[in-house]
Each structure stands twice: as structure tokens, then as C-alpha cells.
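Single-structure report; data block below.
By letter and in written order, the chains are A, B, C, D, E and F; residue numbering begins at 1 in each of them.
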Amino acid sequence: MTLTHLNARGEASMVDVTDKSTTQREAVATGRIFMQPATLEQLVDGELPKGDVLATARIAGIQAAKRTHELIPLCHALMLSKVSVDFDIDRDTSSVGVRVMCRLAAQTGVEMEALTAASVACLTLYDMCKAVDRGMEIGEVRLERKSGGRSGEWQRRH
Amino acid sequence: MTLTHLNARGEASMVDVTDKSTTQREAVATGRIFMQPATLEQLVDGELPKGDVLATARIAGIQAAKRTHELIPLCHALMLSKVSVDFDIDRDTSSVGVRVMCRLAAQTGVEMEALTAASVACLTLYDMCKAVDRGMEIGEVRLERKSGGRSGEWQRRH
Amino acid sequence: MTLTHLNARGEASMVDVTDKSTTQREAVATGRIFMQPATLEQLVDGELPKGDVLATARIAGIQAAKRTHELIPLCHALMLSKVSVDFDIDRDTSSVGVRVMCRLAAQTGVEMEALTAASVACLTLYDMCKAVDRGMEIGEVRLERKSGGRSGEWQRRH
Amino acid sequence: MTLTHLNARGEASMVDVTDKSTTQREAVATGRIFMQPATLEQLVDGELPKGDVLATARIAGIQAAKRTHELIPLCHALMLSKVSVDFDIDRDTSSVGVRVMCRLAAQTGVEMEALTAASVACLTLYDMCKAVDRGMEIGEVRLERKSGGRSGEWQRRH
Amino acid sequence: MTLTHLNARGEASMVDVTDKSTTQREAVATGRIFMQPATLEQLVDGELPKGDVLATARIAGIQAAKRTHELIPLCHALMLSKVSVDFDIDRDTSSVGVRVMCRLAAQTGVEMEALTAASVACLTLYDMCKAVDRGMEIGEVRLERKSGGRSGEWQRRH
Amino acid sequence: MTLTHLNARGEASMVDVTDKSTTQREAVATGRIFMQPATLEQLVDGELPKGDVLATARIAGIQAAKRTHELIPLCHALMLSKVSVDFDIDRDTSSVGVRVMCRLAAQTGVEMEALTAASVACLTLYDMCKAVDRGMEIGEVRLERKSGGRSGEWQRRH
């Protein structure tokens, strides 16, 4: 199997998707930001006044999904038909999780859109909390599942 | 200590930096993408033809640093005076590491620029390699050190 | 009837348009900027040399229509097939009116594109004239009619 | 007095601000969106679940302020040091008001940034509510006051 | 034959492509940057360390193709299905040539995308080499051939 | 002399301008688009209705100058204090010339901004006229003079 973003001489190019069929495609990606328990409590107790921290990160994630092709050089522009961004609070690992779902009918997949949205939502959480906790860490940014296209269904094994 | 991006009623706003002094500021952030050993070997052996994979990710990271304020809703626009993006290959953890340094003279710090560049460089590596390895994971996206500004020097403890 | 940009828990997301049919859609929106009679006369008499003030506002409106999905967080990216921006001079109300028509075949409507173009054309007129008249006011930014899609034809009642 | 965005032959150009002094500048602009009383009640009663509608519009306004120079052809790029967006609910006129304050130290004013943010916040409110009320109208988009620069303090007379 | 970007009164508008048929379209455009023989030798000998100068220009060209509709006011947004950027070194004319191919299925052509990518790749080469040679010149930016659409095949005669 | 955009190992990075002094800088760049005499006559005679073709290209050039750092990967973001775009008609060579002047006080020069504006203005002229003349060619895109900065005054020798 070869990497499809590189031509015969190893030079980058935008892969030709002309002959791919337009199918319904969907991808789910996640990310997680780990923080001090005290930071998480401020977020949960609404001392980081409830709503806006997550609302801001959600909006940032959705907008980033739409701009993925500007950020990732060899990504195709797509017209997403749905983007959702959800959060979970996990006290055991003292972290906030982000879960993004992207969907569209297209000739190429939406994995990068979902991963980009998850990353930017995590970066926005970092930005919203960094005044109280500079040591936060973003991790577990990964594809959970995808469907549609020639390679069909794919599911991460945990 | 309070979160500075939220006003008295808990609503998001761009923090006023008018009265902060303009100082030399610098931030170093890192990220890492974990992949199958076989994927890493293709990258190292130049079966992913050498140069362009990392070159593309480097360019993507530099450009993302410049667009941080478009991606992160409450970030101020800045005029970066330097951005560098470096990579390391780690066979022990089967991963590629990204290290970004941003520098400028400004009234506000460049942590978000460095973190955003590191994230987007990792996302680009994912995009360049995803045809052979969909299960890659991005992690360890974090600030390593910063200097300048009122809070002065900060260094991550490992 | 419920607001479709909010999910069950009240969180913002980009509405799923996957199952909507692709139809010919069209929207007309207007806006109006009210100014001092003397400012309008300068514009009409070509002391604000004729052509470029309106030409600049027209170009700004067309370009804004294409970028609506970047400005309005939950708007879908669309590929507009036509955008036109027209102006009228109304001495009775001492104002310049903007009328925008957008058209495309898509799964979602173009009302926001037309309204955004009308707003940005008015803002550009403000910018072009503000050196002589800071008190101008933009109003009557509204949808005049739309067609296509499940809800079909809609016409503003005056 | 002449329009400063046009050269001797009436052609548009970006005004030279080289010799203007860098002073603290501030501008306040407002806008208002008029809707059906029933729409406003849904918004107030949280049937449009409270928080996210206004939170989304606030974020959109802040981000638009930062992109003003991309939207308004002859505006200079600026580095805003503060942007805030506030809302009020007015049942008498069945409307939501937007009030934007922008601040920075620069050679040119921030009126356009404040006006653009107010417009885009209103457009976003339209987008969030249009599923239940297509006839909403945006108006009263205007500068309330500005300070700084050669022309000094300016205040709208009502 | 009339210019299709101007309406009956000579005002600019985005041409209506609603009734055009969606066909496979392709365009090839070229550009060339002329430099001092010594500059070219540094580039060829890898004193301008090989790979990254061309890699950076290639990425810049690909990304510019995707943003053509933001740069050229009356261009329609398109979803390119393929973009490739290739270079040649010509010692006889002491120049580097750029050749761009764009492809998609759409209602309007991709000439502007190919020409914009070629121009921006040349500008990036200028930027990468300007520290040693400020007098470089970009020329021969032109369409070489196009296919698809109502006007069908077109080939430059040399 | 070495190329300053490449680090010791030949990898691209944004040059550090931290220690450069802020001086008044200015650059003039030109470009030219060659067309059929009949195309030029349509433009001159106003069959391409006068004003808007050049007005659109002028606006496109000014806006491109402001976005140079997004297009050219290693360019620094700048805050231009002046941009002007002028045209000349040359029947002898059957061409339209573009002349751009950019000015600002900064730590780095504005050559790339002037060259980018000239290129995009020419591309826009191509777009406005391509319906009648597909064989047009853009050339003579070059720096005419620059001032300011460590290297001081530079003037092209013709």
C-alpha cells in the first residue's frame, strides 16, 4: 500500500478523487484535555461560569471543521452536511473529553475534519482555562470510527 | 485567581491587554503522533519519499501559528517575529515528535500560537500517513516553557 | 416548531441537511444606510467620485456572500452559483439601498448569504463615507423573499 | 472635507496612516434585531435554550471584529487589545440589542471593527432564530461613541 | 461576445452558472521566475538546501488554488478534485518553471485556480530566494490548455 | 550570503526579525497583462464598461496585500499603513500595467506584499476579460524599488 498524497517522485499533491463515487460518509473523532483537579472543579462548579467555556469551545470546533482544507495543505474542500461537538467531564482522569461527528455526501472522507475540530475544541479549552492552569495536556486525539467510501466501515479497537 | 476570558457575568470576551507592557515573549510547545512501527519505518526509510511529509507538516504548522487568532475565538491577533517547527523520530515509542518555538514582542503571550502550530503539524502528519495507518493517535500536546510578560518564566516539570 | 440549530440539550450544532433534497434555491435580501443629505449629494454629484464607492461596496458584498459560513458559526459552506448586488439612491429618506440576490442548487437555503452580503455592502458604504459623516445608520436589513427547499416560496409582507 | 479613501482621480486606495500618531482608541457600536414577540419569548423563556444563542452570537461578533480588514476592502489590519459584546432584551420593541466595545492603541480608529462585530452578532441571532421567524429585521446599526485620534471624542446625539 | 462578469449596466456580479451543465473540467497553467544564474546554481546545488524551497512553493501553490475564490472577487467557490504543482529548472533562461494542473467536476471552469496556483508558487519562490537576488522577475503566467464545459477543448498556440 | 528562510539543516522556518529595528519601509512592484488589441480596445472603449474592470482589480490587489502572510508560507504578518494600486494602458504592447505601492513601519520589508498585490490585480484582470480572450499572459511581475531596513534603498536597473 502506498501513501496517496505523494506522487511517483515523492512530491506532495492533492490526490485525484475524480473517479471516486459520491457516498454518504461519516467520521467520529475524539480528543481530551487533562488538567488539575482544581481547574476541573472550577469548570464543573461554575466558578468558570457555566456554559460559555464549553459553548466557546464547541463553536470553535464547528468552525474549525469547516476550515480544515485551509489548515491541512492537501485536504480537499468539502461541504459538510452536519457537525456536532459534545463534551464529557471525567473526574477519574481529571479531564474534559471532546467528541466530534462529521457527516457529508462526498467523494472523499471526513476524518480530517473531525480530527481538526476535536483538536481546535481542545485548544480552545486550553485557552479558556490557561490563566489558572498552564500545565494542561491535550491527548487521545484520534479517529474512533468512519463509514462510507471504498474502504467502508472502520472502527478503532480499544 | 479567576479566568480572565470571562467577564463578571460569566460571558466570554477578549481580555483587555491595553495596560500590559510590551515585552519580548517566547513559548515552546510540543506534540507527538504515535503510529504503527511499520508506518514509521516507511517514513524513515523514505518509502514515504523523504522530505515532503515533514516539509508539508512544517509549513502547515508555521501557517497555523499565524492564523491562531482566527481559530481560537478569544485570542488576540499578533505579529509573530519568529516561528520554527522541528521534528524528532522516536522508534521506542514509534512516534514522531513536533517542537514549535514562537517569539514576538507583544502585550500578550504566544502560548496558544505554539500549541496551535504543534497540533496542526501533527494533524498534517496524520493526513499524510492516514492511507496506510488510520489508527494513529496525537498526544502530549502541551506547553514546555514560556518567558516574558508579567508572569515571567514558566517551565513544565516532568 | 423548534429551533433547528440547537440539539436536545440546547447545545449549538450544525444542522444535519443530509436528507434534504437538492433544489434550486434563491434569496433576496436588502439593507439601507441613512446619511446626511449633504453626504448623499456628494455621493450623487460625484464629489465622492462616482463609481468607486458603489463598486467597492458591491465587490465587498459579493465576497462576503462567499465567506458567510466563516462568519456565521452554524452556517453550512455552500457553492453559490450567482450573486448580484444592486444599489438605489433615495433622496426622500436620504439613504442608499442595497439589494442582494443569491442563487444556487443545494440542500440548504441562501438567506444568510444574501443578508450577510447586504450587511457588508452597507458597512463598506459606511467606511467609504465615514470621513464626512460619522452618524450614518444601517437599517432595514431583512429578507425580502426566498424560494426553493421544503418551505417553498416566502415573501415579506410590507 | 474630502473622503480620504479616494485619491485625486477618484480611485480607491488604503489611506496612508503613516504619519498619524499612535493613540489609545476606543469605539462603541450598537445594532438591534426586531422579531415576533413569540420568538423573543422562546428566547427569554429558554425554549430557545438559554445561553447558547447569545453565546454563539457573542463569539461570532468577537471573531468578526478580528476579521474586519478582510471584509471591508479599505480597512487597515489592526491588533485589537479588547473586544466585548453585550446583549439586552427589550420587550417593548420586541428586539434584542447588541452593544460592542473595541479598544486598541493604533494609528487608525476602530469604528469599523465595532460596527462589523455588531452586524455579525445580529446576523448570527437571525441565523439562530430563523427557523421560527423569517421576518426578523436588523436595524439601528450605528456608532455610539468613539475616542482617540486626531478627531478626538465623538458622541452620537439622540 | 460580451464580458460575462458585467451586467447590462456595466456593474460587476458573479455570473449565473445555474443552467450550465456539470462536466469534468481540467486546466493547466504555467508560470516562470527568472533569476541570476548564481541564484539558480545555489538552488540546484542545494546550497539553498534541496527540497524545501520547491516543497514550500508547491504547498503554497496547492493551498492558493483552494483559496482562489477568496482572492479573485468574482470567482465561484469550487471543490477541486485534484491539484498538482510541478517544477522544471531551465539553465538556458536561468529560470524555474511552474506547471499546475487542476481538475474537478463542476458548472464552471478551473482556469483561475490553475493560474492563481502558478502565480503564488512563483511568488513563494521569490520569497524563498529574495535574500540573495532581489531582481528576479515572474513572467509567462498563462493558460496552456483547458477542457470541459461548453467551450470544450482549448490549447495555447505557441 | 545565505538564504534566510532556511535553518542550518535546510528546513524552512519563519526568519527571526526580533532584533531588527522598526523603520519606515516602502516597496513598489509592478506587473503587466498582455492581451489581444481587440480586448484592450473593448476595455478602453468601455465596451467592457469602464470603471468596474479596473475598480475590481484594484480592490482585489489591495485585499491581497493584506493577506500576503496567508498566501506566502514564510511571510510575517504585517500591518500595512498604505496600499495603492494604479493602472496604465499601453497600446504599443497591447497590455495593462499594474503598479503597487505598499508602506509601513515594521521590522521586515513589504516587497512580498507589493508583489502579491500586483499578481492578484493581474489575475483579476484576466478573470474579468477571459470570456473574450483566453490567451492573455501575465509578466513583468517584479520589484521596482524598496527603501527602509538594513539594506536600505534598492532600485531596479532597467
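The rule is simple: contacts are C-beta pairs under 8 Å (C-beta built on N, C-alpha and C of every residue); 3 or more make two chains touch, one makes a residue touch a chain.
From a predicted model like this one, the values you see are computed outputs, not experimental measurements.
Novice: How many hops, at fewest, get you from subunit A to subunit D via touching chains?
Specialist: 1
Novice: Keeping to the contact definition above, tell me which chains border both subunit D and subunit F.
Specialist: Touching subunit D as well as subunit F, we find B, C.
Novice: Both subunit B and subunit D are touched by which chains?
Specialist: A, F
Novice: Which chain's centre, taken as the mean of its Cα atoms, is farthest from the centre of subunit E?
Specialist: So the farthest one, by centre of C-alpha atoms, is D.
Novice: Measuring between Cα centroids, which chain is at the maximum distance from subunit A?
Specialist: F
Novice: Could you tell me the distance, in whole angstrom, between the mean C-alpha positions of subunit A and subunit B?
Specialist: The computed centroid separation for subunit A versus subunit B comes out at 16 Å.
Novice: Measuring from the mean C-alpha position of subunit C to the mean C-alpha position of subunit E, what distance in angstrom results?
Specialist: So the centre of subunit C lies 31 Å away from the centre of subunit E.
Novice: List, in ascending order, every residue of subunit B touching at least 2 other chains.
Specialist: Each of 11-12, 51-52, 55-56, 59-60, 63, 67, 70, 73-74, 77-79 in subunit B touches at least two other chains.
Novice: Sort out which chains touch which and give me every pair.
Specialist: So, checking each combination of chains, I get A-B, A-C, A-D, A-E, B-D, B-E, B-F, C-D, C-E, C-F, D-F, E-F as the touching pairs.
Novice: Which of the residues in subunit F end up touching subunit D in this complex?
Specialist: 24, 55, 58-59, 62-63, 65-67, 77-86, 103-105
Novice: Given the complex with subunit F, which residues does subunit D contribute to the contact?
Specialist: 7, 11-18, 69-70, 73-74, 76-79, 107
Novice: Report the residues of subunit C in contact with subunit F in the complex, numbered from low to high.
Specialist: 51-52, 55-56, 59-60, 63
Novice: Give every residue of subunit F touching subunit E within the complex, in rising order.
Specialist: Touching subunit E from subunit F are residues 1-6, 9-12, 31, 42, 46-53, 55-56, 59-60, 63-64, 67, 70-75, 111-112, 115-116, 119-120, 122-124, 126-132, 134-143, 146, 154, 156-157.
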